Every structure is written in C-alpha cells, then in structure tokens.
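Okay, so here's the structure we're looking at.
Labels run A, B and C following the written order; every chain starts at residue 1.
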Amino acid sequence: MPLLRDIKGFFPPFWITLRNMFRKPVTVQYPEQKPELPERYRARLVLTRDPDGEERCVACHLCSGACPVDCISMQAAEADNGRRYAAWFRINFTRCIFCGLCTEACPTLAIQVTSDFELSGRDPLKLVYEKEDLLVDHCGKNVEYSFYRQTGIGVAAPRGGNPNESAPVDVKDLLP
Amino acid sequence: MTEQLIMLALILIKLVLVFAVVLSMAAYLVLAERKLLARMQLRYGPNRAGPGGMIQPLADVIKLLTKEDFIPATADRGLFLLAPGLSALTALLTFAVIPFGPTLELFGQKLPMVVCDLNIGLLYFLALSSLAGYGLALGGWASNSKYSLLGSIRGLSQLISYELAMGLSVVPVVMMAKSFSLTDIVMAQAQIPFALLNPPAFLIFLISIFAESKRTPFDLPEAENELVAGFHTEYSGMRFGLFFVGEYINMVILSSMLTVLFLGGWHGPWLPGIAWFMIKVLAICFLFIWVRGSLPRLRYDQLMNFGWKVLMPLALLNVLITGACLLGMG
Amino acid sequence: MPTLTIDNQQVTVEDGTTVLEAAEQLGIVIPHFCYHKALGAVGACRMCAVTVHEGTFKGLKMSCLIKVEEGMVVTTDDAKSVVFRERVSEWLMLNHPHDCPVCDEGGECQLQEMTIASGHGVRRYEGQKRTYNNQQLGPFIAQEMNRCIQCYRCVRTYKDYCGGKDFGVMGSRNRVFFGRFKDGPLESDFSGNIVDACPTGVFTDKTFRFKSRFWDLQEAPSICPHCSLGCSTVPAGRYGELQRVRSSVNEKVNGFFICDRGRFGSSYANHPERPRQASRGQWKLTRDEALVQLDSKVRELIRQHGPEAVLLLGSNRASLETNWMLQRWAEKIGCRAPLLSAHLPRHLAAQVAAFDLADRLASLEKIRQSDLVVLLGVDPLAEAPMLAVALRQAVKKGGQVLAYDPRSIELPCVFEQQSMSPLQLLELLDQDKSPESGRLLDLLKKAESPVLVPGGDLLGAGGLLRVQKLAVVASNQTRSCLVHPVLAGPNSFGCGLLSLPEQDDLLTQLESGRIKMLVCVETDPLLEAPNGERFAKALSRLEELAVLDYLPTLISAHTKLFIPTSAPVEAAGTFVNNEGRQQLFVPVMEPRLPIAVTGSGSHPPREFLPEAPGSDPRPAWQLLQQLLGEEVELAQLRERMKTAVPRLIDFDKLQPGGVFCRVSDADERSCYADEISAQPAGSLQLVVSPARYGSDLLSRFSEKLKPRFTDACLQLHPQDAAERGLDDGMKVALKTDCGEYYLTLRCVEGVATGCAVVENGPAFPQLVPGGKLGFCQVAAGGRHD
C-alpha cells in the first residue's frame, strides 16, 4: 500500500525535528571557542626548504597548472649554479580554495599546506602573498627529501655524483 | 459629535495597534523561524545581534535599507518597482476583516475587535489572497530573467490550483455559520470549533494555506536549488525586504484565518479572548515553521496532481456531504 | 591505392605509404620517436610496434618501416604490441633522469606523452643511470645529454635535412653522443630546428630557458615577418613578452622547419625602447588625441597648400590591410595616392614580381622537387634562408643548383657558382650578349622542372623583366619554366599588388619642397631606403612628420607626432609572400609592457589598473579605420578589400595556419623603363648585400640575435685588391654617391672581379641593399677609429 507507506513516512520527520529542538547544538562558537582541526587540515600554503636549507621550489609551474582557480603565478629563473628557482612566486589567497591540488602536483615537496586558516581581511592585496611571505625556514612535512639529489643533473652534486648514477661517459672511447 | 470623535480616535488607535502588532509579529516571526529551524538542525541560529539575537530583525532592516537598490538593465522598470509593494500591501489589507477578540466596552462605546466587520469578510479575504498573486506574477515578469519568470509561472499556477480547494473548503464553514461575516463565523463556534465538526474541511484548508503561503513543502516558486530565488531573484535591498515581509505577514494572516474559520477564533476558557486568539495564531505559525523544518519540497507534478486530483474532489465531496448532513439535521 | 584494415577500420591510401601514416589518416596515433614526416623513418626507437596479421611480413613489426599492402590487416592495440611498446618505453626510460620539473620541454615533451601513452609507470631496473657531460653550444641551444633517448632526430634534422656540418653523432654502444666535436656555437643558420625536432629535452631553446611552460603560453598561427618567404610559424608569448617562435607546418612554403633568423629574431616585440605611447615631441598623448591631431593637421595642410602637400607612406613591413586602408584614407582626405614603399627600386621589383611574373611563380615546394634551380643574384642564407634548405632538398633528390652571383655565397648543398658582377648578370639575362647565356638556356631547356630564382634586390625591376623573358624562352608546351623571385620584405609582393601605376620616388618628391607633411606607416625611410642622409635633410624641412610604428627606429625617435601600432604578433593581418601566397596571421597576444619590465624582474606590481601599462598600441589598420570614421570588423574590411582588389583570394577560403592560396594571375603589366648607367672608368660595381642577421629591421631590433651580428667589412676579389695595392685586413675608404665610408677590407676569392661587396647590417646600416646599380671607388687609408 503505497498510500499507507506515505502516510506512515509523513510523521517521523516531525518527531526528529521536535526531538532535535531539545538537544544541545553542535555549533562551535568560533571566535571565542577555537575549533579542533584535523591533522591533515588544508589551509594557508607555504614554500618549504630542503634539508640543506635551500629553497625547494624549482618554479616548474606544475602547481599553477594544477590550480583549478589559477591563484598561483610565478616566474622561473636560473641561478649561477644551475639551480632553477622562482624569481617571484605569488599566491592570491583571495582566490585560493584550499583544495590542496598544488601540493599533490608539487614534485619537489616545496609547496605544502598548513592548518592556519585564519585568512581574512578587508584589503584584498594583503591576501596576495609573495615569495617572501610564503617561504618558511623549515622542511615542512618531509625532512629528508631533496629534489636536486634525485634529478640526475649536476646541481646538488657534480654530474654523475648523485645516488644511483654512474660517472659521465667518455664519448670518445670506442672500447666495446 | 464627541461620540463620533471618540469613535474615530478609537478606530485610529485600533488601526495603528493592529498595524504595529502585525508588522512586529512578521519581523519577529523571521527571527523565530531562524532560531527554531536552527535548533531543529542542532544549531544556535542568530545569536550575535543583541542578547540571544533579539535585535536581529532590526539589524536586518538596517541592512536591507542600506543595500544597493539594484534594477536589472532589461527589467520593466515600472512593474518591477510596483510588484513588491503590491505583494506587501495585499497582505496587510487582508487583516482589516479579521476579528481578533470579543467586542469591548470602552468609554461607553461598543468597540468590535476588528478593523472593519464586513458582512462579506470571507469573500474579501478570498479576493485579496487572489490579488496577492499579482505581486508575484508581476515581480517575476518584470525582472526579465528566466529564473524569475519560471518562479512566477510556477507560483501562479500553484496559487490558482490551491485557491480552488481553499475556496471549496470554506463553503461548509459558511453553510454551518450561515454567514460570510467572519465575526459571525467566530460566534458560531462559541461552543465547538468547526475543526472538530468538519475535520476534512479543516485539513484541506490547512494544506491549502501552506500552498497559498508558498512555504515548504509547496515553496516551488522560490525553490533555491533550482531557481536561485524564484520570482524575487533580481530583487535586492528593501524591495526584496517587502516581498519578504509580505510573505511573513501572509503567514500571520493565514494563521489568523485558520483560527477564525476552524479553531473558534478568540473562544477559549479562562484566558481573555485576545490572548486565546494570539495563542492559536502563534501555534499555527509554529506549525508552519515545524513543517518547514521537517518536510522536503514536492516535485512540481506531484504538487499539481495533489491539488487537482486529490484536494479538489475531496473538497467538493465534503461540500456535498456537509450540505446533506445540514439538510438532514434541518 | 591499396586498402588495408587497421584496428577493424578500413582505409585506402596511396602506394608507398607506411602503416604508421595510414593509421594517422584514421586518427589512430601509434607512439613513435624517430619517425618524422619530413625526416622519414629509421626504425631506431622501436616504439611504433604493431602486429601485422595479414601481409607479406606477419607478426610484430615497426609500423614506420612497413609499407602498406592490399588486404593487409594490422592491429595496434593487441596485447602483444601493447606489451612490447611498454617494454620499449621502460627501456628508453632506463637512463632518463627524473628532472622533468627543471626541464624546459616538460609539458610539450613527446617522451612524457609516449611514456604515459604506452603505460610505463614504475622503473623496475635498479642499476645506475648513465650520465654525460654537456657541451656549450652557443647562445641559442642548450644541451642536456642525460635526457637523450638516441632517436637520431637531431642529427637527421641538423645534418641531413638542413645541411649543417658541425654537429653529429659519436661514441659507441650506449655511450652514443649527439653534439659537436668540441664545445662551440652551432654554426648552421638552421640550428634552432633541433629544438623542435628533439622529442625530449636534450636540445632546448636557450633564449627561452626557464621562461614559461608550454601550457601557459599564448600561441597562434602566424607568418614569419623576417623575409619575403613567409614561413609559417607559431610565436608564443606570456606576460606581455614574446618569448619564442617555433616552426609551423606549411608544406607549400617552409615545410616543417624555419631558420634561426625567424626563430630567434622575435624579441623586437619586447624591445626595451619600443615606444608604446603616442607623443608629440616631449608631450605624451592618448591614442585618440594623437589621431585627432593627425587628422586635423592633414586637413589643415591640404586646405592651405592643396592636395600635393600631404604624402602618405606605406611599407612592406605593414600588412595588406594597413596598406589598403592607407589608400582609402588618402582617397578620403583627397591627397595623392600613398607611396607603398620608401625604397623605389625594391618596390618596382616587387611590382614586376606581382604582375609580370604572376603566371609563372613557383613555391618552395616546387623548388624542393625541381631538377634545376638557377640562382640569379640571390644569396639565400642572407635574403631568404629557408630557400637554402629547399635547394638542399632539390640537390638530395638529384637536382642541380646553379648560382650566378657577384658575392661569394654559401649553400648547405653541392652547387655550382659562377662569380659575376651585376652588369655581367644583366648581360647574361640578355641572352645574346654573354657566352654563358647559351649554356644556361640549354640547361634550362633540358631540365624537367626548372626554376629560376632571381634576387629582386640585386637585379632590380629591369633584371626581373629579363628573367621573365628568359623564362618564356626556356618554357615549352609540356612544362613552363617557373620563377621564384626573392623580394625584400614580408609584404613586398602585397604592396606591389596594391599599387600598379604608382612610380614616384619618395626622395625626389620630398626634395621638390612641395610636400609639407609626411605620414610614415610602419616604415623608416632613414633605415629602409638608400640615401638615408639625403632623407634626413629632406625630412627636416617638412612642416609636419607623423610616424605610426612599433619599432624604436631612428625616425620614430625624432618624429613630431608618433602613434604606436601593434607588432605583427599582436595584430591580425595578411602578408603576401614572394610567390604571391596570400597568408593570414592572427594575434598571439595583447600589446602590453612585459611583466618582467613592469615588475623590474621581481613580482608584478601590486596595484589594480584597468589597463595593463603599455597596452596602447593598436593595429595600424584599426587606427586608419578610426581616422576614416568607419570602424568595421576585420572580416568586413577584408571583404571590401577583396572587392576592391579582385586579384586577392576570398578571405573565407583561407584559414590561419593553413597552406593558403596564391593570388590570381594579372592581366596588367608593370610599366618600367630600364636604364643602365655607364660604369665610370676605374670604378668598381657596388654590391650591397643584406647581412644574414640584422639587415631587416625586425632582426636588427632583436636582442636575442646580437651574438650573430657580424662586423662591417668590404669584400673584394684578391685580384682587385692587389691592383689597388690593398691587403686583407686593411682599413679602406669606400667612396660612393651617398658618401664616403671607412671599412675593413676582406679579400674573398668568391667575389666577382670588379665588384665591391658590403653588408648592410647593424654594424653598417648606411647603405641599403636593393638600390639602383651603383659604382664606387675603393682606396687605401681612412681613419682608424
């Protein structure tokens, strides 16, 4: 009997809402009461450094390519030692939706999320962070990884001197 | 001469009082609805403006008045400006015929607790509630936006469908009270409210006023998740405010009508008449809010089916049966 | 025309097609590295494996090497070939470093794409990776050999296709190395093509190093504005900066490659001194104010001094639309028809090409297939570099290349050069005056598809008319002898096409004193016409001088009224190339100051502006429309232009980035009276040749090309030098009609006797190529400064 079923189904919601009215609300009264955030909470982004204290970011544009709202922009440049780095790096937090896709795309673990979510203000420009504002003095969540030791080009160590590499070949050697 | 002056003064005072009470009721209904809904959803609701959020309505009014009054470039300007006023006005006017208490004796004058006791009060109510459709139709049409237009088309067809059932459901009341005057109808319920005498008519009327007030589960004209905000999508500031206030005044009025027609108006033991009236009206307002918190929205075809294939025949049948019973009882 | 089945789809293709190409026609992409349409297949990478079920050779085969057969059945997605390709990919990746984030190829890397496509993900081999030491290959190409997958495409492009000699492959087994014998800049003028050819990041564009990722670039099909060939290119810009140019495909013109001048000569658009705001002297104006001033001044002068007082000057750098709108504007204000070139001899040559030669023009594709190409006063590497590559293809196919030229020319192929002074060259073309004429005519008549390639600059209009007569004589019923004239600028042909009766020389007009005002549109007579000094004098006498340009030329720095226009990469337009091909280009980016400039190297300025700084320039045709008061869409403008100039092709039929069509043949003929002045005794014939880099203004203002600019010198045949008692390396004085210049002498065997060759370039801009036949005296001495 669909009609009977419908009529039976009509009443429980009223009971549930009525019951809820006498329960304690779950709302956290935010400014006075601070919320407890999960460990992997995604909020403000930072640029970390590698274990040697150098900037991890190589300005590869993968984060800006992954960013669904186009809030990351940068310009790559080359340092004297061959290191590729970001000449400038800008995250517009008025646009950022804290999806964390940039951190997943980052091949050098440079860009990482922190749990600092209190980003609001009346001046939008104060939410446009430049590299100076983003760069931190620690390794963030991984304290061992150094991209330039894995790349296979001679920046962190001379060519052929990185782990799992043989020394440069002698191209004029014709021995079998 | 002085009697007439006193009479006039009393009528004016009555008018101002009714006006003030209805408007502030509408304002605080908004707050009450937000608070109650919040509690039903395990939230607090507005609690920042004033103690427990008590001056939230005032804050809302200030906000609405200071907002930009935006008129879309392609809107039909005249109608666009007219529509919200029409919506609030028709709602307010209806209150003229609603008796909210027994006749009072003051300065030797008999003072009926109704702004104007029309002998065709019920028809006046039905007429004005139909007129309210204009506010909605014009608002949606003048905005020149697809969401608004869809909203107002839905609203109009819904209004027409449910007005029929509503009109038919009050026929037994008229038959039982033998009068169109609302005061007489209340008087006829001195012993036993019509809700108990004729429960089908009461239920049909109850359902119809939910549809008439465009509230859940019949809030299709402004279904947020389909039509943004339905017919008032393009409205902002106090013009939106007028639509909003109109809706809540309408809620008060429809609750009052239900009280008057079926719940015996101001009749009740121990307490003064006016208090009973208020208690009944507020209880029905709570019901409105409770239903909104509990029921989901109907689909449009379900709404139409229900109106034309269930409510209408039921109401007609009820008229017949009531007529037969009255005839049989002589 | 065999029909075969690939992955259950039937396709009918030409004989000799490979399975890979047939699959491509069906839209099935078979992964590949070593196969390239222009270079062919070598079967080195083993990536394109497919399974052949029916056919002469059954089983797993390399699709780039297997020719199609009737009734062949091939699958590309069967388990066997899929697994094989995945293994190949894994093996190619064994030594490939994990440096994609710091590799410029990342994002447009064929290796990345094919590895993903083949399904290889995790490296299972745990041994050590092979590494190389890199070479310094000069200012244009960066090398990172660790990334190499040995597909040999670079060598095949650089050496086999473009004829470079200083780059190759060495080493053995898995130590194979692609590079030069020792460090040093790549010498070929087509070195940039290995960047496009390399499927991974071994060779990358050094001038583009770390500038952008492919997906951030604004790209659009364009036409190279550096010479008259009109190669298809894809320039790319980002943040207001034109960052690189890569070659596009136009099989009728450049094929798949472009020269280094076109590739690395693009930074004129971001020249630091490029004027980006309208100005009157020191005063900055808005664009609209400047246009109002220009309009009112023109009208005022015409009212005061009559229609002769104002002269408009078009240019072969400007698009067809601009030049045509200039003519419309002249009609409207009632002044005389605009001159479409400041350089009359070059313009006359272009007119001859556009009218007299119109029915026998040859495309570069025809040259690549020709069995006899005769260069008549053309140095391809200097005037039209991709012509040299086309000649190499002709020679590789068994063709013959003959060059008659006063200069010592180089070509990336085997050819026969006859040194000949310009006067001798004209005699050769006159057919009966020179003994060589008979041999040439014989060869032409015997050849199956001969093409004459005359140089407009050296031969002039008179020479081109002689070439036309020669072509008529060399033609027969079965085939006609085609001509591929090399002209001066990207739109020389178009300017000639638009202006038949116009014959006036700008300088004569200016010096007559009747002209009160000159409006130069995208041209600088001081740099682009002979007799710059006389021009300077004449220009200073003008009451008003207005310049619309996008380059920081001499004249735009000293003009009274300046209005900025957008560079070809920032505007839409049409160029008609030297063989009459009407080619469209579309804007790549908006004109604006690069962020690197506004942010002075650091982050972009932190301010909100309604418009980016420096975004004032507009296409010249748009400015002219504004002056005319008829601002219509480009499509409508083109429709009107097509109606007015019936020889043009309907613009609806052309697609930017396509192969385009040649304009239709002409009924009219140019009216040119030839006069050859007699050679004064003891004088030498002056040959002004464009330098390979920096002769055209666009490459002269390109920062990136600076390393290729050469020093100015005077070239003489050793015999002539000896007669005058001059030695190699001496400072000598060159006396010409235009003035006296002091240059270093170089004795070159290949230079024709009786000729003095100077190169017009950034180091020596005074003499401009393509002037009338001139004579000069060369003497020892000169200042040592």
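We take it that contacts are C-beta pairs under 8 Å (C-beta built on N, C-alpha and C of every residue); 3 or more make two chains touch, one makes a residue touch a chain.
Everything numeric here is computed off the predicted structure, so don't read it as measured data.
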Taking the touch definition from the header, please name the shape of the chain graph: line, ring, star, complete or other. line
Greatest Cα-centroid separation from chain B: which chain? C
Would you mind pulling out the distance in Å between where the CA atoms of chain B average out and where those of chain C do? 79
Please compute the C-alpha centroid of chain A, do the same for chain C, then give the distance between them in whole Å. 45
Take the average of all CA coordinates in chain A, do the same for chain B, and state the distance between these two points in whole angstrom. 53
As the complex stands, chain A meets chain C at residues 58-62, 64-65, 73, 75-78, 84, 87-90, 107-108, 125, 128, 130-131, 147, 150-153, 159-160, 164-176
Please name which positions on chain A make contact with chain B in the complex. 10, 13-14, 16-18, 20-21, 23-27, 29
Residue ranges of chain B in contact with chain A within the complex: 36, 38-44, 290-291, 293-295
With touch defined as at the start, can you tell me which chain C residues reach chain A in the complex? 96-102, 106-107, 126, 128-134, 144, 146, 170-173, 175-177, 209-213, 215-216, 239, 595-596, 599, 601-604, 606
